[in-house]
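Each of the next two complexes has chain A plus one other chain: chain B in the first, chain C in the second.
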Partner chain A sequence: MVKLKYIIAFLGLFSLSLTGICQTPTAMKPIKGGTMLPLYGLDSSKVWVDDFLLDEYPVTNQQYLDFVKNYPEWQKFNVKSIFADGNYLYNWRGNRQLGENMNPNSPITNVSWFAAKAFCACQDKRLPSVDEWELAAKANETKPNAENDSLFNQRIIESYETPNTYSKTVGSTYQNYWGVYDMHGLVWEWTSDFNSVLISGESRQDGDADRNLFCAGAAISASNLRDYAAFMRYAFRGSIKADYNIKNLGFRCARTN
Partner chain B sequence: MKYRLESRLIMILMLGSIISLAGCNGNSHENGESSMDIEVNGKINAQLTSPPFVPDPIGSRPAKQVIVDMEILEQEGQMANGVSYIYWTFGGSVPGSFIRTRVGDEVEFTLKNHPDNKLPHNIDLHAVTGPGGGASSSFVAPGHEITFSFKTLNPGLYVYHCATAPVGMHIANGMYGLILVEPAGGYPKVDKEYYIMQGDFYTKGNNGEPGLQPFDMQKAIDEHADYVVFNGATDALTGDNAITAEVGETIRLFVGNGGPNLTSSFHVIGEIFDKVYVEGGKLINHDVQTTLIPAGGAAIVEFKVEAPGTFVLVDHAIFRAFNKGALGMLKVTGEDNPSVYSGTIQEGIYQPEGGIIQTMPGNKGAPEAPIAQSVSERIEMGKQIYARTCLACHQEEGQGIPNAFPPLAKADYLNDDVERAIAIVLHGKTGEITVNGKNYNSVMTAQSLTDEQVANVLTYVYSSWGNSGVEVTPTMVTKVKSSH
Partner chain C sequence: MKIKYLTQLLSLVLLVNLFACQKQNDSSEQYICPMKCEDHKTYDHPGICPVCKMDLVKVSSIKEAVLDEDGISDKSIFNLTSEWKTQNNETIHLNDLKGKVMVVVMIYTSCEAACPRLVADMRNIYAKVDNPAVDYLLVSIDPEKDTPEKLKAYAKEEHLDGDQWILLQGGLDDVREFSNVLSMKYKKISPIDFSHTNIISVFDKNGVLHYQQEGLGMSNDKLVEEVKNLNK
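Right, the complex of A and B next:
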């Protein structure tokens, strides 16, 4: 009898999750696509980005807590170690409890790429690609493309240097041209193909494309501040693996339009 | 063979001495190939030290496996009085921890990137022979650690630094340090050893602007440094932080230059380097006044201190020393040694071509120096004298230079005693004084000004920058002069 109860409960939970009851989804903003120059370099390396939708805010601690309540396999002590290393939800007190002094409305961090991907999938969303993310992030408050605005770039570099920004509340920095908040100033964000630029993520000898990210390339190819801010993001992406969980790394979701 | 050995004893003795000399100099491991064959014997944890200190000399220890454990911390620190900065550090200090090894050691290096850090980092050690000097194997995300190992093949003093893109920014934020590879048997023994590293910093606010100053990438690209400092801060080697020695001791300084941009003209005021290991290598130069240390390079300098006093370490590109912070102090205590340095023996009046000021024929004589007719005129004239005579040290706004030249602005020492101030302008001042709670110990020379000029410049100073507003008259100056 007791067993049956459990089975019913389990089935109930299963069907709930199938119908997509996850957490309150974040509103999305349409981003107009176009050609993009990834990182630095030559016109020949331009890429095309289709129109897409992007979450207005990074995913919060509260939203992630709601998610793991419905998906026990992503809870702190249940997660499979191949999907998330030992730093997963590092500051949480338990499977269903945020850590002490954690702000529910701060961006969720210490989550792996696998976990972020599962979260977005649950809302019929996905992680943005590097190119999509970069396209949305180069807008400042008034212009869709502010990559040649030195003040905007200086502000981005300063935010990368400022400690403990992960504990701020989402929406507390700036809203850009597309209506999206906090693209710079809170946390790094996972992208679906974060590791596609650097093959090994740690080498200056993999090939010319990768070498450009380090000593020689940084000196030769980078000519303005925009490049330096981008270098910091690409270097960060190159240093991580999909099972890493980092205190200053969160995510937001996207959807094909 | 046996016959020769027995009969030519002198020959053997000579040979023996040559071999042992070679051993002392480390020549037996002159090239990489022979260093590669040095076998390691046992395992030790490396002693790491923060500047200005260095670990114990290696002495006669054999090559070993050396475990180095270094943590990267991004943390706020003080660049100058009232100015803070987010430093990126190897081991919590700028420059990073000093690593001391000997040739043939096998270094097992673990680099830990603290979870609170925002950025990935790595380390390129110039002492490493291999791709990227270790950088390619040490790229590590926040909250992770990575281990790699290398064998030290070439003796010398080497820079290490972070080589993660954008490299310039990581270095500009303080990510550099020194690793020493001693030759077999070590360097000759000295009495004191210190660790000093120069670096240039680029802040959003100009030099002296208070508060937390962010890094300014544009200034770094333009190479317009706001601060050029030893050991990461303007006061890292001054005042209570000065390095010390006793008269008669031999000092060895391990001096590096992290850059990112500027080359150092390293000089110690009042000393001559008896020995310089040029560029940190094996070549030794003697009797050097100033040695050039390139960005990403190092030098070992040695000298014996023969006289007591404060010896000032500078980058002799001298505006960096007095205006941007590249100034350190070596305080030497002990007995005066008049045969080395006498101090002032006699002061006198110098008047060229006899005691009378001569004039050219037909010249109506120098125009009369103008006399101030009112307080405002006095202030105006005093301002010009200040700009010519005082500004270089006491600075435009009377703010002085921390730890070197006392401020005049809102200075208690100045406002408390007008006659004392007059006397100092007339006669100069040597020795320790306290101004606004800070100690200064330097020299102000006597100024060759007329009584009128002394009155004017002091009235200007007293009427400026929140000072008491007292008017100093020529009569007051004359009184002080005659009372002396």
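Right, the complex of A and C next:
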């Protein structure tokens, strides 16, 4: 009988370790929703963002490695080319090995939108929407909305100018009002509806929204002219495709509250 | 008695766990440099490529990535597992559409500006191609409003008659994913309106994107020619 107890305990532990097949999920912080004035929009009307949960840190190399160990279809050489172009996990040594100089606790980059989406889904999470991400990102250390804080904006721009920030460790920048780290300063992040920013190489052919963003009229109708960093983010989102893998583009996951 | 149950239960748990582990050690497995530094030279054990120093990968893993067991190319939209409803309220997966050339556009039925022109383009292409072996897909970017009933009414209104016209409603996420496969962009800008790029895409019989026509009021000639070529 005593033996049996041991066996049960052992098996219990064993199966527990397996339920963690999606690696240890990152802790999440609640973000209070509210009305948001997106950077631009046809009528510049406010949008409503519900309360949601957001990962405290961007997903790390180590977490992504654990993920692909369990999901071989997302390994470097197994990934289907419809889901990721040839730069997927560019700097990895193999299907189950990070690159030699890669810090396991740096944010994962060189991942496609499809891959990021699959990672979050595996943890029963999802990617944050553009509006959610921007709402969480406009908080500085002390205020939920630091949009008009010129020092904060300056810091963001400076971080965009700093090279190779993707090789820093997660949590090494600042923790914002919501308790979330590294919203700016490490990597740019995928959002679920990044392709709702309408621009393309040949922007005359697009719908009308891109005119809002790119022609001179765009800048004038934007909600916050000083937020140059936001312009950069939106332009970046508008210029990428879901199968792209970029060395300073990572992600974190969100969940509906 | 109790112990018997317990052991049964435990062996079940153990069994499940073993399956979850999926050990993939196969001694017959061949290994190859992922960068093919030594062309097609293979090894019968894992190791490092002597040229680029990358880890060798299984030969089978490389083959799989190109063509899986169902003969689906890794570039094919049939890799998407999403579920859709047609205008006839039938549930389908994209790979149910395998075997036919497809012309695809994303629209929403309450759209008044660009979509009618896109749909007119589709009808135009349909008439010019004039081949029953081609499917015409209209995928709604407003799945919350565009129910199968609504899509059916829309098809009737727009004279999209016959089996070749397939109108699809999907989940919000799946529609977003589909749009990303087409590199098509859209945004809901008001409760009834979307802004969106105007793209008509041609997929071959294996679901691989073959040609895209971007913009409104373009000539359809090139696209029609591509569709015809795919059916030769």
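Convention: the second predicted complex is superposed on the first by the 214 of 257 C-alpha atoms of A that agree within 3 Å, B and C clash if a C-alpha of one lies under 4 Å from a C-alpha of the other, contacts with A are read in each partner's own complex, and residues count from 1 in each chain.
Heads up, the rule we're going with is that contacts are C-beta pairs under 8 Å (C-beta built on N, C-alpha and C of every residue); 3 or more make two chains touch, one makes a residue touch a chain.
Every value quoted in this text rests on a predicted model; they were computed, and no experiment measured them.
S.K.: In the superposed arrangement, which partner chain does A:V49 touch: chain B (first), chain C (second), both, or neither?
M.R.: A:V49 contacts neither chain B nor chain C.
S.K.: Can A:S150 be said to touch chain B (first), chain C (second), both, or neither?
M.R.: In the superposition, A:S150 contacts chain B only.
S.K.: In the superposed arrangement, does A:M232 touch chain B (first), chain C (second), both or neither?
M.R.: So A:M232 only meets chain B here.
S.K.: Answer with first, second, both or neither: which of chain B and chain C does A:N195 touch in the superposed model?
M.R.: second
S.K.: Quick one: is A:Q97 in contact with chain B, with chain C, with both, or with neither? Answer first, second, both or neither.
M.R.: A:Q97 contacts chain C only, not chain B.
S.K.: In the superposed arrangement, which partner chain does A:N78 touch: chain B (first), chain C (second), both, or neither?
M.R.: In the superposition, A:N78 contacts chain C only.
S.K.: What is the contact status of A:V111 with respect to chain B (first) and chain C (second): first, second, both, or neither?
M.R.: neither
S.K.: Touch test for A:I246: chain B only (first), chain C only (second), both, or neither?
M.R.: In the superposed model, A:I246 contacts chain B only, not chain C.
S.K.: Mind sorting out which residues of chain A both chain B and chain C touch, each in its own complex?
M.R.: 202, 205, 238, 241
S.K.: In the complex of these two chains, what residues of chain C are touching chain A?
M.R.: 3, 6, 10, 13-14, 16-17, 20-21, 24, 34, 54-55, 57, 61-62, 64-65, 74-77, 79, 114, 173, 176-177, 179-181, 183-190, 193, 195-198, 214-216
S.K.: Please give the residue numbers of chain A that touch chain C in the complex, ascending.
M.R.: Residues 1, 4, 7-8, 11, 14-15, 18, 21, 41-43, 45, 72, 75-83, 93-97, 113-114, 117, 126, 192-193, 195-198, 200, 202, 205-209, 238, 241-243.
S.K.: Show me the residue ranges of chain B that touch chain A in the complex, using the header's touch definition.
M.R.: So the residues of chain B in touch with chain A come to 74-76, 86, 115-120, 122, 124, 131-132, 135-144, 163-169, 173, 204, 214-218.
S.K.: Considering only the defined contacts, which chain A positions touch chain B in the complex?
M.R.: Touching chain B: residues 87, 90, 150, 153-154, 157-158, 160-165, 188, 201-205, 213-215, 217-219, 222, 225, 227-228, 231-232, 234-236, 238-241, 244-248 of chain A.
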